[in-house]
């Protein structure tokens, strides 16, 4: 599947998410300089690049949290350019931000319940019980307040909370950063399970090895531009690319 | 500190000259009104040091204005003659002391808590004077003598409206220059940096609390000076000068005029007082107009009147300005009046929406 | 002065505190969740009182008057949020102070244009106009007890909504992380407009309930504004529980201050606030 | 000093009531009405916004009415009003007074309502020498320490409603009373005057309770009154505070056991709002709406007809202020320059007031009757005259 996302293709089923030529600024600094990408239904895609290359900004621009100055976005074939974030995500997107965005003054149960909503097609595939089955630790801590959780538990909670919105697409920013190895494994396991249920994902993480195993395709960002895109095989075969854009 | 462009400097200088010449042709009433405006301008300048430069939003600044006036009235209540310079010392000392006490406690808090704590202390002082039988209660205190200013063998009679006008004009310029000096000194740079990002200044090893306190005391003393001049001007002082309405009004003046500039609050005082004088001629419901004007400024002129003036100057001298600015196109975002300091870069971008 | 004297004063203090809570809870909601300093909150209290006076006059009964006035207050709050406050979310506190200060000027003038500057009174419904005898000389008005009951009922209702319903969870979530709530698919603008008009309606309701005992006159809004800010700050911004405790503290301090320290009665509540903030700079239940 | 009356037309606020009169008279008698003389300018500094707005409006309207009744002229000259809203804010008073004196160059100054504004104004009027008539502000100092040849008052000093209160209560047989009042200048002066007569007559003040001004939460104090069980209570409250106090007093059941007295403002213009709670409340004042005097009937009828609302004591004071100016101007045939003669005429004038005829003391305060009134069916009925021709002691006045 080649991604030359300047327009979604109306003839076939449109891509789940498409962004074209995003230019985004913070104040006077030009952060995104024409980013385009596309995610198909059920597809798992990674966004790679060193710190400060625009990964988070790309995600925020797509969601409308940091509106791009120019460029267009589509979700399931509907143009969402300029939409407010809540409308964009209502098209079936769940967002797990870098700082996790747990509500510290709400209990684990409340964090989950307040987010719950049926999916775009009206189905409720992720009721509280099923979600908790995937996160046994959260079930144990259901009455604790958000600020009483460890980092790993918080990350599980944000992912669980994302599932409660019955998404078509899950966006994970820094999925495992700062977590203990045990928790990392746990998170990767859960992400795998989610992929297997047919939910598409965009994942940002430092753990290139894990991403190569998990994702169908990859985008590499450098200084606000997509410098490479392709499948895991191609990336494995190209250690140069690896060194140039991802290595230390 | 905000750098002024040459045309703006020229314009302000012209304004100062006009002020100096005004009594030669202006009516007695307007000489009096301008005297009052300039006194309030000193008051507004002192508050600007806090909200415009230090980032301390005081909602009780009228307390020091009142303390200034009351100090004069209490100390010299029965005096036949009031020597100006010793009265001035009394006033500055008392209002600085009051500011030190209130500031020392208030500065421990921040944000809305600071706003409310300063208000609380001002209200306490207000009720203290309002209900005290000793200091005249709500009737206030009348002054029957006017201070005598003697410099060597020369004596200035402040009972004459013209003399008082020039005297107050002189003080306004002194306060303006004093604040300019303070802000240009390293001390001033630290204040501005505290406003931009206190954490970072503290991390650099500055005892920010002490800087804020000194700023608070300077502002309190200058507000006391303004209250002192007002008591000389009107010959009496009442608790109403300490009420939260007055604190609110001076805040309105500073923001409307353009905080973080020193000429802004002066312009703001002129605008508000002249509007208060003029609008009642138009309609009985003039407060409606006043409210609408303030809202319009908030929504359309975030930098206050000062920014409007700056923009006008830029447009008048547009040719030169655009050459100078080079790559910046016309739609460049309007930057805030305080553009940070030499010491510190502006706060990280993108997080401005989360307080 | 025997024990019954102090018990009655306790009752007075609690009753005043409960009314303060009603006004302050709206303020703390708006303050804590939306980050808006609303100086015009007292104006809603004032409009509540005048609307109660107006509609009670039209319908002849306080209850129907309040039922008619409440939706008007909600709409007013919504309109103010949409037309003015919504432009200020990303602006400094100072501009909020300035704009809502201007709103006070406008609202006071509107009040004068609509209702003039007379003192008005609102009749207490005959059913509640009696008094309960407490001592030989003193009786306690039934209507004051009724106000207290209403306030307690509203406080419990608010507790239930805030703690137990999804709307309440969303509101609490909005107080801690506005952006995340939006990213979960909730229209934060609408949520805020709702919260603002609810807060305004609470203040207006307090004005309506108090109208029969307070009488209605120009400037009643100003008098309640500052004291409700004191309550909110003592309790800690955004905390409904804090507003409740703060209101009780102020109600009792004010009442007993008047009795025990008459010379400095007006200063007592401010001194209490300074003391609390000296001890806890974030208020009693404020987040650090 | 002010012979040079300017004829230039400036933008200014005209009084609504009088503007009609003035406009009408200029229409029918164009410019050459009286030898082309300039109009007399009367400057009004009264509150039209805030708590005292109603008082300001009634004073203004009654004043205009009186001048209209004399053909819209004073001393043969047409009258022009320059009216400024004082907002009852003391910090604004000096500027606004100066505006009338210096900018508008008025011939007379009338105002204000608020005592503290009055003192700021009187201070400037003393310096300037402009003839000033105070139609309300009751602070004793205005015809005491601050008295001046050119300052007159047509209302009352705080002493006048306060002092007779003590006498009236003793006459009614109340010996142990609680004294409650708003703790601000005027309230304190009323209370002091009350004590003067009450204590001298052998009464005992069980407790004196000053309450914060302008707060209207009285519940805690009423509980205290109930516990003290005095014979009666004497109070000073006005406006919204008066309504609230009287209603709270009744709601606490105190009115059944402990009679309520007060300075007249307690039931003045607010009985409708107080309703049944006001029944039986007794107050002392220099006027009552129901006063059965021909002058009062005439005045009330004319005011009702002109403005469609009933007159009150404040209207009376404004009406009398105009009367005083008319007498002064008549004595000098409209020559505003003859200030000394005018003052002499005003000092010796008798005002045929709706409250009953009164004269002026040496300090220029009314020497007037004080009535004891009781609220019956929502109306202040005069029970008796407590003091005939009561004169203010005018402490500290250099004119005496």
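Order of writing sets the chain letters: A, B, C and D. Residues in each chain are counted from 1.
Here, a residue touches a chain if its C-beta (ideal position, glycine included) is under 8 Å from a C-beta of that chain, and two chains touch if they have at least 3 such contacts.
Keep in mind it's a predicted model, so treat the numbers as computed, not measured.
Counted as hops between touching chains, the shortest connection from chain B to chain C is 1. Pairs C-D and B-D differ in how many C-beta pairs touch across them, and the larger number is found at C-D. With centres computed from CA atoms alone, C is the chain lying nearest the middle of all the protein shown. With centres computed as the average of Cα coordinates, no chain lies farther from chain D than A.
Inter-chain spacing, taken between the CA centroids of chain A and chain D, is 76 Å. If you average the Cα atoms of chain C and of chain D, the two centres end up 37 Å apart. Chain B and chain D, compared by their mean Cα positions, are separated by 39 Å. Once the centre of each chain is set as its mean CA position, chain A and chain B turn out to be 51 Å apart. Shared interface positions of chain A, defined as residues touching 2 or more other chains, are absent.
Listed for chain B are residues 127, 130-131, 287, each touching two or more other chains. In chain D, 49, 210, 212 are the positions where the chain touches two or more neighbouring chains simultaneously. Listed in rising order, the residues of chain C touching chain A in the complex are 166, 169-170, 172-173, 175-177, 179-180, 182-189, 287. On chain B, the positions that touch chain C within their shared complex are 51, 57, 59, 105, 108-113, 115-117, 119-121, 123-124, 127-128, 130-131, 244, 248, 251-252, 255-256, 259, 285, 287-288, 290-292, 294-295, 298-299, 302, 352-355.
Here chain C touches chain D in the complex through residues 1-2, 5, 8-9, 12-13, 15-16, 108-109, 112, 116-121, 123, 131, 133, 135-141, 143-144, 213-215, 217-220, 223, 254-256, 258-259, 262, 265-266, going by the rule given at the top. Listed in rising order, the residues of chain A touching chain C in the complex are 63, 65, 84-87, 89-90, 95, 97, 101, 103-106, 110-111, 113-115, 117, 161, 165.
In the complex of the two chains, the chain B residues touching chain D come out as 27-30, 32-33, 36, 127, 130-131, 133, 137-140, 142, 233-236, 238, 240-241, 246, 277, 280-281, 284, 287.
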